[in-house]
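To start, I am sharing the structure in question, which I have written as structure tokens.
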Amino acid sequence: MTGAELVFVPLGAVALGSSVLVVTTDQLVRAALWLVVALGALAGCFLLLAAELVAWVQVLIYVGAVVVLLLFGIMLTRAPIGRSVDLDSGNRVAALVVALGTAGTLVTVVVGGFRTASIDLGDGSAGSAGTVGAGLFRYWVLPFELLSVLLLAALVGAIVLSRRDIGPRARDGGED
Amino acid sequence: MTNLAADAQGATGLAGSAWLLLALPTLGAIVLLVGGRRTNKWGHILGSATVLGTFVYGLALFFSTTGLDAYKRTQELHLFAWIPVNALKVDFGLRLDPLSLTFVLLITGVGALIHIYSVGYMSHDRDRRRFFAYLNLFVAAMLLLVLGNGFVTLYFGWEGVGLASYLLIGWYQDRPSAATAAKKAFLMNRVGDLGLAVAIFLMFANLGTTQYSEVFAKIGTLPSGTILAITLLLLLGACGKSGQFPLQSWLPDAMEGPTPVSALIHAATMVTAGVYLIARSNPIYDLTGDGRLIVTIIGTVTLLIGCIVGCAYDDIKKVLAYSTVSQIGYMILAVGLGPFGYALGIMHLLTHGFFKAGLFLGAGSVMHGMNDEVDMRKFGGLWRLMPITFVTFGLGYLALIGFPGLSGYFSKDAIIEAAFGQEGWRGWAFGGAALLGAGLTAFYMTRLVLMTFFGEKRWKDLKSADGKDFHPHESPKSMTIPMIILAIGSVGAGAFLSVGNRLVDWLEPSLGGLKESEHFVIPKGTVTILTIVLMLLGVGAAWLFVGRKPVPVTRPARVSFPVRAARADLYGNALNEALFARPGTWLTRALVFVDNKGVDGVVNGLAAMLGGTSGRLRRAQTGFVRSYALSMLGGSILVVAALLAVRFS
Amino acid sequence: MSGFFSQAQQLQAPDVAYQAVLPMLLVLGAACVSVLFEAFLPRERRWGWQVALTVVTLAGAAISLIVYGNDAPKAGVKTFSDVLTIDRPTLFLWGTLLLLAFGAVLLIADRSVEPGGAFVAQAAIRPGTLQDRVQAAKVGMQTEVFPLTLFALGGMMVFCAANDLLTMFVALEVLSLPLYLMAGLARRRRLLSQEAAVKYFLLGAFASAFFLYGIALLYGYAGSVKLADIATAAAGTNRSDTLLFAGMGLLVVGLLFKASVGPFHTWTPDVYQGSPTPVTAFMAACTKVAAFGGILRVLMGAFASTNWEWRGVLWGVAIASMAIGAVLGLTQTDVKRMIAYSSVAHAGFLLVGSIALTSKGVSGTLFYLLAYGLTTVATFGIVSLVRDADGEASHLSQWAGLAKRSPIVAGVFTFLLLALAGIPLTSGFVGKFVVFSAALQSGMAPLVVVALVFSAVAAFFYLRVIVLMYFSEPAADGPTVTVPGAFTTMAITIGALATLVLGVFPSFALDWAGAGGFTF
């Protein structure tokens, strides 16, 4: 067992355990914070797999942005802080079955697919920012640019859906 | 059996502009439909003139063709390549041969007469112009059907006449029964059309073409199973359009349309398209004895059903409609006999076109004078009040029952003889059934004539549905003249066509020569005598049952089982319901249930039952995203599981 | 620092065949310009500028497409480091998309049928409030619908040209997101419209997840997301097929969702009904073209060699789709829902052609898409005309006796319905004919028979509407038929004429559709 594998196992355990806590805790804020731990541990796993860039993206976007958004959401909607009984859904059993079923399927498919395959990580440069960047701008430049188009469309959409002060200015005799 | 279809001539001269046959009525229909109310004043004149013009042109074409040698009589007129991609070639062209020209004359001739008749008959209808537009549309589509040089072109016309028929059956929009009848006609025709479509696809897949000349040339190379399948599917198509068993029940309902429509479309022309289809496909049917046998059986069964049910109805048009079903049964029986009967089927088709159109126009004339009443129990003693109608109707009646010397005698008797010419049990079965049918025909038609024109004037004490007294009167000239012309046809057409084998010889390039059977199970002369005897028996029986005693104005409710069965169309509707409608309803219900309610609905439905609240059930029908997502998930799991199962099984 | 720069110098920009991708670049570029219009033009002048820009863009893209298509290499061109393939089917699909989008844009731009246009003046106003009623009467509209349309169209064009699954996925998102938004912009019946948007969004995201997961599994199988690499891997490898088939299944589900093939159609009726009718037209015509373009390319490009394993499954899907569409269409009482179910049935027919996997199957399906799209645009154009005080009168009972009120509208609608039913001398018949005969030739006779049966069943519900229009008495307080302005008239005319022309003289379009095969 290499050093990397030795670190990988506890990291994985942390990710799994904190994920379970996210869905079992009865305090909303704690669930969000456990999510930070789970996502952070996952970033560690990525790092060990030489996926350097993905790991930092994980930290930046998920741990940084997404969870902060979640917390803001909790704050702004004045969700109760502290224990709340109604966080438990009546469909827990069904949810458990679906979750276990999905996990089982994934594990079967992946294990079945890669039973004997192993990938040599080399010197670890395969997932570095440089390599990914070069690939992105050499081979995947069109999808990359398309994503910016997508974001632009999303921005337009967000404005359409949320802006209320459209129309002639109130002084011109408009309704609003 | 020489078939000259393969070496068709390119069309030249007069035939070169044969597209005019299609263009004239189409033009009429377009002008009348697009022109709208502006054309109200002269629409009926234009409509009749285009068809009359087509008839005149068809006549010229006919005479120019009769002068040619037999092998030159088949001409092909290529119009344009319709779908010309790679191996997928469908040409749009016309085929002018004795068979199609015969039909052209029938369609435009009878069509023109009925157009003229309709000028008077529909004079009170606000939408007379639209009626003529539809009639023109029908004539154009019917001509396309018979003139096309391939099965796809035929299919076009086939759908076109279906559409026109559908529009015209539902003409009286305010009657719910008309809409129902139109729908029923459409549905049953779809079943038939499906057969035709699959047959065309089969030809296409196996032969790579759908043009008559190429199909007929190559059909012999196919395995016999495929040929049998094609013939049976074509037969299904014919059953749908021609009202043959088990798809016969739409035709009587189609009488909800105006009477000229019943005469033109549902008696003389469109419903005989099935006979045309089988006769046209004779090189295919020649190859499969089993296929022909099934055609014969269908024809025989239908002709008996039509006769039996015809005896039980009191609605004058429905009796005539079942009579049509039964007469087409004769034609199908004839073409099922193969080389022994193709030409006989066409001959009966022609004579039937005359006398049945005449009978329908006569019925229309009676209705015209009787405030649109159709119940024969309310007629009686009309012969003195409507002399022209009576005489022309009477001649049509005599022709239909096969009175010696009139046209039905020549054509029907020939079919009965040919049926007896089959070997062994077939001769007995088909011949016997055809003979029995002749007797029954005489019975129900005599009953009809007695109830309508003779006896006491039962209408005197009655009022029509809209509360008016009946004032029977003779119809205007525009109606009686077509009836007179058709009556002349009913009298003379049979003799004209059959003397010296005129028609048979003329049709030989299209249908092959008519074979004469070697061994009749009963001698031919005896068959003729038997036919006449049975006819007289039928007439006598009708007089015994109907003519001798007064006819009750209301229909007796307590009747024996055979009469009840006949009144219920021999349970034809029930059969169709069980075969087609019920499974469809069940499938629809099941799918609606799954789709609307989804899995959520099932769960909630159970909960609602248990909890006794209906609110949750109602909520289940509002279309939750989650049940949609669940059904998607279910579908995906099925797809993936099926893929893996196929792979690893 | 020097290392950074030296690395940057090594980076070579990919070659771009600009002439080939010009139509796509024009559309995407115009979308960005259109956003600038939104930002800088005063509100009252936006509509005119946006309409002009959109129409000019579509025309320009079409012209550049024609110019390129005239002497394009038959084998096709790969560009942008092989992520796009501009081959004959791509050109045909692009042309179809541009034409259909033109029709849809005409409907979108129309302000004569509904005063102010079919789109809401302010999407952010809560439905049912006083302001909502005020805004329903206001003349303005959210002109953002124009850039969104162009974005979606750009996404569709990339989607049918994409040569690898990653590009395809990004394009899928680019085409979907604007549609989710546009579905929620109806001026009337705001709640229904917003419900449609949310449903479409949620289910679309769900389907995208399937698609993405399928890509992941296929990447695991082939070590690449390029269609050609997957095909090579599938043809000869000892790796476990589990990944291949599980991946393919999920991928195809994502595609089938977009094409609204049953049983992945569940969103279709709700979304068609709730969306503004011009958007429904755009969605029904263009999305279907793009989705089937993608399905054809993926099936032919990546999975052709394994078709023995999966064809049977897609048979089942096609039959399910035809059955669901044809049977459930019978019970609908809303015109738009009915057309939605008809589109599900048509998706089944299209799938029959798509799984033929022959050049004839491809050309047949392409022709069918063109014909169906044009008919659909015109159909929705007509639907938008029949109105009462509350907006569109889409309940079938309100269409009773329409022929008496407006014979022309009823006549055109009848013709279009007959085309959808596949009656000869309409484009619908030719489309079915070529698709079914292609399927027959690749040995799928039973499937063709089933398809014929269902097309016969489906014909009945179109006929139900015709009967209703012609054979029923109009209700006293029935809807009126609005006299359309130039835009809607033009869209309906184009659609109806094309339906007739493609039915009578289909050969030129069939030639184009069959001009060449896919290149991978």
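In this document, chain identifiers A, B and C correspond to the written order of the chains, with residue numbering beginning at 1 in each.
Please note the rule applied: contacts are C-beta pairs under 8 Å (C-beta built on N, C-alpha and C of every residue); 3 or more make two chains touch, one makes a residue touch a chain.
Remember, it's a predicted structure, so these values are computed and weren't measured experimentally.
Chain contacts here run in a simple line, from one end chain through to the other with no loop closing.
A simple rule picks the central chain: find each chain's mean C-alpha point, then take the one closest to the mean of all protein C-alpha atoms, which gives C.
Put simply, the C-alpha centre of subunit A and that of subunit C have 32 angstrom between them. If each chain is reduced to the centroid of its CA atoms, subunit A and subunit B end up 69 Å from each other.
Mean C-alpha positions place subunit B and subunit C at a centre distance of 42 Å.
The multi-chain contact residues of subunit B, meaning those touching 2 or more other chains, do not exist; every residue touches at most one other chain.
Each of residues 242, 246 in subunit C touches at least two other chains. Those residues of subunit C lying in contact with subunit B across their complex are 198-199, 202-203, 206-207, 210, 241-242, 245-246, 248-250, 252-253, 257, 263-264, 266-267, 270, 309-310, 312-313, 316-317, 323-324, 327-328, 330-331, 360, 363, 407, 411, 418, 423-425, 430, 433-434, 436-437, 440-441, 445, 448-449, 452-453, 456-457, 459-460, 463, 467, 470-473, 504-507, 510-511, 514. Every residue of subunit C that touches subunit A in the complex is listed here, in rising order: 7, 10-14, 28, 31-32, 35, 38, 43, 80-84, 121-125, 131, 134, 138, 140, 142, 144, 147-148, 151, 154-155, 158, 166-167, 170-171, 173-174, 177-178, 180-181, 184-185, 217, 220-221, 239-240, 242-243, 246. Subunit B meets subunit C in the complex at residues 33, 36, 80-88, 90, 152, 155-156, 159-160, 163, 166-167, 170, 173-174, 178-179, 182-183, 186-187, 190-191, 193-194, 197-198, 201, 204-205, 584, 587-588, 591-592, 595, 598, 623, 625, 627-629, 631-632, 634-636, 639-640, 642-644, 646-648. Residue ranges of subunit A in contact with subunit C, taken from their complex: 109-110, 112-115, 117, 130, 134, 137-143, 146-147, 149-150, 152-154, 156-157, 159-164, 166-168, 175-176.
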